[in-house]
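So the structure is just underneath, and the comments pick up after that.
A, B, C and D are the chain letters, set down in written order, and residue numbers restart from 1 in every chain.
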Amino acid sequence: MIRTSVIGLGYWGPNLARNVHTCPGTFLYSLCDRDEERLAAIATNYPAAKTDSDAATVLADPDVEAVVVATPVHTHYKLAKAALEAGKHVLVEKPLTDSVETANELVELAETKGLILMVDHIFVFSPPVRKMKEVVESGELGDLFFIDSIRINLGLFQHDINVVWDLAPHDLSIVDYLLGRLPRSISAFGSVHAGQDIEDVAYLNLDFGEGLIANIHVNWLSPVKVRHVLIGASKKSVLYNDLDGSEPVKIYDRGIHVDGSREARHGLMIDYRSGDVVSPHFQRAEPLQQMVRHFAECIEHDRKPLTSGEAGLRVVRILDAAQRSIKAQGGRITL
Amino acid sequence: MIRTSVIGLGYWGPNLARNVHTCPGTFLYSLCDRDEERLAAIATNYPAAKTDSDAATVLADPDVEAVVVATPVHTHYKLAKAALEAGKHVLVEKPLTDSVETANELVELAETKGLILMVDHIFVFSPPVRKMKEVVESGELGDLFFIDSIRINLGLFQHDINVVWDLAPHDLSIVDYLLGRLPRSISAFGSVHAGQDIEDVAYLNLDFGEGLIANIHVNWLSPVKVRHVLIGASKKSVLYNDLDGSEPVKIYDRGIHVDGSREARHGLMIDYRSGDVVSPHFQRAEPLQQMVRHFAECIEHDRKPLTSGEAGLRVVRILDAAQRSIKAQGGRITL
Amino acid sequence: MIRTSVIGLGYWGPNLARNVHTCPGTFLYSLCDRDEERLAAIATNYPAAKTDSDAATVLADPDVEAVVVATPVHTHYKLAKAALEAGKHVLVEKPLTDSVETANELVELAETKGLILMVDHIFVFSPPVRKMKEVVESGELGDLFFIDSIRINLGLFQHDINVVWDLAPHDLSIVDYLLGRLPRSISAFGSVHAGQDIEDVAYLNLDFGEGLIANIHVNWLSPVKVRHVLIGASKKSVLYNDLDGSEPVKIYDRGIHVDGSREARHGLMIDYRSGDVVSPHFQRAEPLQQMVRHFAECIEHDRKPLTSGEAGLRVVRILDAAQRSIKAQGGRITL
Amino acid sequence: MIRTSVIGLGYWGPNLARNVHTCPGTFLYSLCDRDEERLAAIATNYPAAKTDSDAATVLADPDVEAVVVATPVHTHYKLAKAALEAGKHVLVEKPLTDSVETANELVELAETKGLILMVDHIFVFSPPVRKMKEVVESGELGDLFFIDSIRINLGLFQHDINVVWDLAPHDLSIVDYLLGRLPRSISAFGSVHAGQDIEDVAYLNLDFGEGLIANIHVNWLSPVKVRHVLIGASKKSVLYNDLDGSEPVKIYDRGIHVDGSREARHGLMIDYRSGDVVSPHFQRAEPLQQMVRHFAECIEHDRKPLTSGEAGLRVVRILDAAQRSIKAQGGRITL
């Protein structure tokens, strides 16, 4: 079992600690948080784990093989870098870092050191997203036309990041996983309310070329919670509704067929195909547990993680471009 | 009763004819369509109505007091202009015309002639939209933050217009009715698929200033039908789901309160308010019937219609700007 | 075209008249209602139809080939009998009559006269129910375990009948169509409220033997509208939600497999199968139009209707038994 | 803190253990299960708790103040009796016991001994049910007409009990909490499938007199999960949908008003009132935690629990009557 330390025990860290504890491949070696009271409270659940209030102590311990970084975003780079330099494998909360330069540096450092660098793009490990990937890969959808992703709710305002850096990594990592490539360009709008100087509503428009676009709506001010990913395509389409407990993924055998001939186009001979809707069965599994297991397996077998540092870098590149486009009132940024 | 002719009996015209026939203030004087077979088929339901296959004949008839124009968009200007010049009151299918210049000319002509010019912005006459207007006017929402409008479906491809000119007039007329003013600027994206050269997916982003934005998603390629208007605001928020037959409008007493002091902002002292959700009762009424009655009343009492030529012109101005922004890859257009 | 008269123009009659008018196989020969004002109002839509305020005149007219009876339930028997005796084919609103004796007499009279007697069991002509029938017939469900049917709403109180005779014919005719046989016994409960002396809430429990039961809940006092038919079976199950406009029928490949061996039963070795959910596509069609066409075809080709007098009699037998069980506080009635 | 032992660590026991551990008023003193492997596995989470594989040892320990019994139903009586005789306060999983006699004996024994006897009627501690109780108590509903409760799912077959004894305690305890009295009579139907000799589908019909009935549908074979409680009443009605995460309770200001005069009744002058639908806000709280806290408070302050032994006895009396009615093919049993 890989001796693993979890650094940062705020909102998400305790969940990571619990999964590191129960995952067969990892051993929860130690817990670390600057807030000693918080640290002590979480530690009562894990009597076998050491506790440290200073991350430096954790990184200096030669028995630590892997580190999970779940601290505020602006500290990801410094902590992950120090961990890699200390020879530890690293799993970082999303987003990987808060700039392209630092994300890139971490990727290169992990490569040089021969260590695993993985990002907690949690949705890549959720069964519905896995099912969507399987459907996209099978080719049954035909040509992809658009991806429309909505992630809105009354949200947790963050100290150091806006709604784009907070929520859009989820959507962008799903899109990255489904398509496996960067968009050609991006345009984004953000809006500031409630006396804050950080964006709490934003829309991102990604152009992947060949008629494929992705649109993302992230919002901390919505009274209703919506989490939809809709993939429109030439043959079939897919809707993933994360809040539908019984049928989260639906495949629609519906579409429009246009006869491409000149005569046909003049008359717009359109055939609406309407067919079955299938909600495929899949095994339910806790995404966080899958993710921690994947981290352990990648370390053990020296494999590239699905949500590698490179994937994390791609997401940071889009976030960075989105931020610049928002500042430019939606001006299009080429990637 | 106002002697009224309906010109154009394609998809929507027969619905207008039926409502002109049953509305107490109007008399269905005649029906007109170039397709004589179509004309005859519809006319069997209205034995008292005259039939004409030539609009010129209708406009030349001094007994005709008002004309309803339900022909393809590119013919609206010519027909409405001729009707106004012939001294008829005019109700035009949305959008008013296909250019700012022609829309403006119709508005001025109606003004000069002292005739009623009205646009069939049908949703302005739907009870849920009326209820939203009442809620917005009451001030109970506080400051408006965003309007997010989604209108997607497997759609009817149009000969002469794209999805923006086809569907967005609904959303834009709702927003225009709620806010009563033009946005300061607009940015839009469109995407072309299925062998067509007209946009079938589009996103519009309207900036109204003072932190208020409106985002509109129109789409002819969605396998699922969605018709949502979400208004986010500082005190309460409203969701209008046109497909929810039992509770189409919901008012959420939920929001975020941020203490504006410097100290508070450092620590982001946020209070999540969560309260009741109310689905207000309102009388069901057929919007089309309300609209035709309003047309008759405006003629009778010489009143400015709610969906006047000016409102139609404002919508055309936004559509025109959206079209230009799409051509400019989302470049922002100031209005 | 069969010259057809519609007698009774209250709530449902005008819908029947409209469909007789548009159905290719029938000609709306005349309209009849004792309320001359009502008669005149409906007749304006059908200038070619004769009008009569006395049913006797209709029945005495040798040009009338078929009669649609849409009058209050207690008049069905007398009118249908007179029509059959006058040599007319008859389509009667549900339920066929208000007693087993009279229903039986009509069936025998139609048989003797060689005339078509059909009941307006409208749901038998709805595409979702047709799809359910197809699924049941295919055998893919395995052994049927239970049918649970809910039909509740704020309802229209009837002058002469309770909620069982008003609403349950829908559920019973669906069950009769699916199973094609009478239950062995029935038990029913009814409840009286709101100052009335007629039941407004009722539950029916039908035992079909071999482990198959059907339970029906009909209710005029429910603030929410529900129309569900759930068929549970050994292999697959089906849910028909009449209010789900997009996916009214869902087939669930889910169930429980119990190993029947003694050892297994001791340990209750149960395997939960969970598979896909499929919402099959089917053509949308107006059930009333299908029903009137079927009536015309049965007359033309002298065929037994799907919703024959016999089917109507079976439903009346169950209604009658339910009524007796209610009076007996739920005492079980054998059929 | 009350030193508490949890006996029985099957499906539900571990949840009780976790809440006893975290509840401020109780101390998880020991864990007990005959399956030593299971016992050891659960115990790793609670290093401070003792473990015993024999309940007798637990009951003989004078340091144990209270016992939670979460064993199979047929063992409740013996264990609870022994615990009370040993002077321990007792919390028993639902249903209290499997017969009226034994339930009664426990109630009397607890009374004699001056000990707290409480049943885990968990839904009584759920916020939506609390809200329903508040609404019923307020009188705003007017006269109650019916309660319709549906609890269906692919269920866990039990070794020793049928679907009535397994699921209906939830519905019956909710109804008991809302009304606070026994029904006058009950009639029930059950159905056996899947090679078992225990009922897996059942319907219960409870008559409370004065026009108030409750109907309960419990089912282990339903492919869809439904958990609805609908209360119909003269002024307002309430729907509790346990699966609606955002608006579990809705209050409908809808109903039917019947003018009670003879003339009015002849003409059935009915007024459909249709008003707002309100989904009231309430604090979310884990019912199990509330329940364990209540147990601790009742011990500390020697108070009668909301879900006292008497409430448990009332539920067992109805279950017993339902069972007898099922055997009698639905024959009505007076309570």
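By definition in this document, a residue touches a chain if its C-beta (ideal position, glycine included) is under 8 Å from a C-beta of that chain, and two chains touch if they have at least 3 such contacts.
This one's a predicted model, so the numbers in the text were calculated from it and none came from an experiment.
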Worksheet entry | Chain located farthest away, centre of subunit A as origin (C-alpha) | C
Worksheet entry | Interface copy of B-D among A-C, B-C or C-D, judged by whether over half of the contact pairs recur | A-C
Item to complete: Could you give the separation in Å between the centres of subunit A and subunit B, each centre being the mean of its C-alpha atoms?
Response: 38
Worksheet item: Just curious, how far off is subunit C from subunit A if you go by their C-alpha centres, in Å?
Response: 53
Response to the item:
Residues of subunit C that touch two or more other chains sit at 224, 246, 274
Worksheet item: When you draw the chains as points and link the ones that touch, which shape shows up: line, ring, star, complete, or other?
Response: complete
Discussion item. Which residues of subunit A touch subunit B once you look at their complex with the stated criterion?
Written reply: 143, 145-146, 148, 154, 157-159, 185, 187, 189, 191-196, 201, 203, 205, 211, 213, 215, 217, 219-224, 230, 232, 234, 236-237, 239, 252, 254-258, 260, 265, 268, 270, 272, 274, 329-332
Discussion item. List the residues on subunit C that touch subunit B in their complex, please.
Written reply: 45, 47, 224-225, 243, 245-246
Worksheet item: Of all residues in subunit C, which touch subunit A in the complex?
Response: 246-247, 253, 274-281
